[in-house]
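The following block contains the structure, expressed as structure tokens.
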Amino acid sequence: MMAELRYNHAVNRAMADAMAADPTVVLFGEDVAGAGGVYGATRGLRDRFGAERVRDTPISEAAFVGLAVGAALSGLKPIVEISFIDFMTFAMDAMVNQAAKMRTMFGGQVSVPMVLRTQNGGGAGSGPQHSQCLEAWFAHVPGLKVVCPGDPASAYGLLRAAIADPDPVIVIEHKALYAMRVPEPEALPILPIGKAVIVRPGRDLTIVSYGGALRAVAETAATLSAEGIEAEIVDLRSIQPWDEAAVLNSLSHTHRLLIVHEAVEAFGVGAEIAARMADIGFDELDAPILRVGAPFMPSPIAKALERRYMPNTNSILAAVRRLLA
Amino acid sequence: MGKVSQHAALYRMVATIRQVEEALAALLAEGLIPGFIHLSIGQEAVAAGVMSVLTQADTITSTHRGHGHAIAKGMKLEAFFAELLARDSGACRGRGGSMHVADVANGMLGANGIVAAGIPIALGSAFAHKTLKRDAVAVAFFGDGAMAEGLLHECLNLAKLWDLPVLFVCENNGWGEFLPTEHQIVFTLDKLAAAFGVPHRTVDGNDVGAVAKVAGEVVAKVRKSGPMILECLTSRVGGHYEGDPQRGRDPAEQVAAKARDPLEIARARLAEGEADKIDRDVTGAIAAAIAFARVAPEPDWDVAAASVYTSAA
Amino acid sequence: MMAELRYNHAVNRAMADAMAADPTVVLFGEDVAGAGGVYGATRGLRDRFGAERVRDTPISEAAFVGLAVGAALSGLKPIVEISFIDFMTFAMDAMVNQAAKMRTMFGGQVSVPMVLRTQNGGGAGSGPQHSQCLEAWFAHVPGLKVVCPGDPASAYGLLRAAIADPDPVIVIEHKALYAMRVPEPEALPILPIGKAVIVRPGRDLTIVSYGGALRAVAETAATLSAEGIEAEIVDLRSIQPWDEAAVLNSLSHTHRLLIVHEAVEAFGVGAEIAARMADIGFDELDAPILRVGAPFMPSPIAKALERRYMPNTNSILAAVRRLLA
Amino acid sequence: MGKVSQHAALYRMVATIRQVEEALAALLAEGLIPGFIHLSIGQEAVAAGVMSVLTQADTITSTHRGHGHAIAKGMKLEAFFAELLARDSGACRGRGGSMHVADVANGMLGANGIVAAGIPIALGSAFAHKTLKRDAVAVAFFGDGAMAEGLLHECLNLAKLWDLPVLFVCENNGWGEFLPTEHQIVFTLDKLAAAFGVPHRTVDGNDVGAVAKVAGEVVAKVRKSGPMILECLTSRVGGHYEGDPQRGRDPAEQVAAKARDPLEIARARLAEGEADKIDRDVTGAIAAAIAFARVAPEPDWDVAAASVYTSAA
């Protein structure tokens, strides 16, 4: 059986490699040390790097994320985990009013080299308080960087980049991707924050997506291809900053743009991409810019409703048909 | 009601919650329940005992481990199981599920997927009771792990400052997710209570009779004279969630957790044969409720989508 | 001297009228009772309605906003004040995970008739932690409503509507508008949430704005008019829901769209408006959709920099020139 | 250093902070300072006393009322005034201002516009000191009003749990914004400290000698054996912010607040004439710093815009 790389193992390996390379990298969060995290992404790290560097925290999100900010100001490179992005409601201040603003506010005296790892998304019937995709909140905050890895290699490469980055980076993994496996890649490079990748070339339309929605997008593209419609898929990878040039470039040869993400469509990440392209990409557009995102309601728990709530081949296909009509 | 019938009633509720949780484990294994569920096996006496002294007008807020609270507060078993199976006939029309079961007509203001988030909601309900001159109290259930959330501390201060008719009930099972709370919390609730000047009582949370007795005294005090804390020492027999592999949980500790079974303790108070009869009733009622839930319709998309705002509902 | 209506007095009157009409309306927040609020908007209310209904809270934002949610579930109509929207970082959970979701999550068993009053914006040199415009965060959350009154009559009418609304409404006032005066209106109607208003008709371009940015927009429109360029100004008033029909209608006769707000442009409210118009309004567009918002940096404190940071006649004019070029 | 020179040094710092705050009031009236400012007149002895026992390697986090903390921790007066006037030569290049003065080289990790937000940052700094085996402590300054923020309580638990070298310094001035804290907080810090098992000391915060002495003992303990709380009883002589009309503040209370002036108390410890000489020095230094700040250049837009991220800086 050929070697495979699992998403949660890629996350784990990124932290292990970074901690092995740099003794100032530390990790803490709820149940990351003893239990190895809800999704096993931190398993084995305390045994390997010791109880000083890998710590379980009490259920005090505001305090331990704030602690990470102070640690980053004083010589450490903390990785702090919030087990569901939904719980960021308790830890907004440290990221938004402190970490994000310190470099500017203190006149460049400091950098805040911290990483906040969390996960978003649905598909597990986890319900309205455990399935949200709140990346747009953080992308709106100057001083923060936000990445959303959509496959194991990105999970490794973006997390390594985030840990190496001198500024605060929020790494948003996806709960439904932790079990995703790919053949072990030849190499696992550190990936540049802010760079998108064309995961599928195509001439007929551009589909911009990221994170958990990429799989449904890829399936849809395969279906379309059978009909002779070639969709170009751009995986943003980074949400803040995002790769405007890559999207514009793709649009400039397909002239049609669809944005797909799992987050609520209204005021979501796709809105910014559409808005920018309706400005700098206006002359390239042969059709309206369309978006597929969650409808304006909290996540349902019933499987059938949740499937319909999340972007799926039906909803994406329908949008593509409209776009090409 | 008389002693005997009270013991019987308490046993019935403990047995009901136990059998409900066991049935849920089976239904989850069957793949009928979306998401993860947190069972209260070993902690049933807390819900049964506290709720036995509340009126329908009294309100409660619960936690992620809220099945027992919902049922003890009066949620019908049909509505409960249909909700857990995410069906339209569920208490929340299949839109809440395990972590969000609510039965507002019976004063159950919701389980909660966010640790400690129910506590200020109970404060607000108590504030409404007081402002609207209702003879009612609000009860905030929370776990010992939630003691690390500053929100609890803010609420203790505010409840005392505004002298609200709210009871803080801590279900102290020694665990916060996958880590014993001794590794999370440096203080004890009685000392914290003393700092806030909020009266605190501790009770054996596995003895439903003891819980009912102490809760009765405490709730009476809260109705008259403001906030109190009731700490129930209990035990989480299973994992944090159903299916939790419980890596690295000390087997001895797990045996100890099972040792003082609330069901057995309650059972010992009943006359020969009485418990068996109750067990059979309960089994029947649960079987009927599950049968109802199994065939209950799925929630309707359009109804759900139209429910986000009242105006649109 | 003719009677005038001041923005903060309009806010005050809205609460007073609502409390006089409905004994279940209560008000609490930091220093709202004794001091009458940082901007005087709640002055006199405790004397008039009593210490039971108008209360000062401790500095415990998470607790007292959560308390408002519970009070709303149990028969009261709370108005809770967060003195600066920047402090919402401590009170997100009660609004986002609780108030917003309860109606859906509990299957329609409850409504959560609460109002959260706060204020945003710059112009006072208050700096990066006291000048933010975070309305986009809340507009992204299904279950919440968000309004941003831009003048005294709207401050009254929208707050009355918010208090009467059965669902949670976030009313975002603007610190620089509290001292704004207008001649006392004949009538002060309750204004419908979700309806925009054309504050200036025009044929050449549509400028969509709201809240604190409206004044600079109006000044710019006057300048343009002198050149014979007639800008139609749409004051959104409500951000969630927002009046898509009104914007589309204006666009359908001007064919040019500029969106101006004080919030950071990236991932701000304007992104959603632009994205929707790049979809449903695409055929009406004769030019790119442009936005003027704050650049991607925390608010500066130096007056000159803050003036440049906020939308102003120069930045708006420059955008209009590009739009008409 | 010897007694006399220590008293003189402490007096000098108290006098410096006092004259700085008075100068700021005048500069604000002149329209040279953007935003609102919170003066520490009446509380100078806390900053002067605590900082007198810290090393440059020790770190502090401050509050919205942080001018004294910044200066006592070593911020140069030129950099301070230029910052308050939002000039490019300011400590934060004119981008922080009163509520965000920071001097990281001297271990001053920032004033803070968010109540209690500096506390976990101090914990993090202490965690770094400990992990990197630095012989340094972190000090978190906060006001009595911040006692209502759950964040403080979370931090007490975490500091004790992780045994961090952090000192919690409460500047208890009896006020939280426009309301006496007795109407906000139902507990006392010593009782809360006892609940968390964090040693607590109270000191007369208007007596700089007393603060220095007790802080010296306390900081020595923190270096060796983990978190402690130092509660400084002090008085806010002016309003919450400069220009605060202080509606409904009891005149008697205000007189009482002025009664035990930290400046006079410190002055009384000096030999005849010594204080006057120090006053003159301080006045001169401040005048020079203000002269520097008045003519300092405004911040540059492009530099500020390029400063949001390190990579781009």
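As written, the chain order gives the labels A, B, C and D, with residue 1 at the start of each chain.
One rule holds for everything that comes next: contacts are C-beta pairs under 8 Å (C-beta built on N, C-alpha and C of every residue); 3 or more make two chains touch, one makes a residue touch a chain.
This structure is a prediction, so every number in the text was calculated from the model and none was measured.
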Contacting subunit A as well as subunit B are chains C, D
Chain pair, C-D or B-C, that carries the greater number of C-beta contacts: B-C
Would you identify the chain whose Cα-based centre sits farthest away from the centre of subunit D? B
Taking each chain's centre as the mean of its CA atoms, how far is subunit C from subunit D in angstrom? 36
From the mean C-alpha coordinate of subunit A to that of subunit C, what's the distance rounded to whole Å? 30
Whole-Å gap between the CA centroids of subunit A and subunit D: 40
Multi-chain contacts in subunit A, i.e. residues touching at least two other chains, fall at 57-58, 60, 62-63, 86, 89-90, 93, 97, 104-105, 127-129, 142-143, 296-298
For subunit B, write out the residues touching at least two other chains, lowest number first. 94-96, 100, 112-114, 148-151, 154, 157, 161, 183-185, 304, 307-308
Please categorise the chain-chain contact pattern as a line, ring, star, complete graph or other. complete
Using the touch definition up top, name the residues of subunit D that touch subunit B in the complex. 148-154, 157, 160-161, 183-188, 191-192, 194-197
Subunit C to subunit A touching residues, read off their complex: 62, 86, 88-90, 92-93, 96-97, 100-101, 104-105, 127-129, 134, 136-137, 139-143, 240, 263-264, 266-272, 274-275, 277-280, 282-283, 285, 287-291, 296-298
Report the residues of subunit B in contact with subunit A in the complex, numbered from low to high. 34-36, 86-87, 94-97, 99-100, 112-116, 145-146, 148-151, 176-179, 183-185, 247-248, 298-299, 301, 304-305, 307-308
Would you pull the subunit C residues touching subunit D in the complex into a rising list? 30-31, 34-36, 56-60, 62-63, 86-87, 89-90, 124-130, 295-298, 300-306, 308
Okay, in this complex, where on subunit D does subunit A touch? 59, 61, 90-96, 100, 102-105, 109-110, 112-114, 117, 119-129, 131-132, 138, 150-151, 154-155, 157-158, 161-162, 304, 307-311, 313
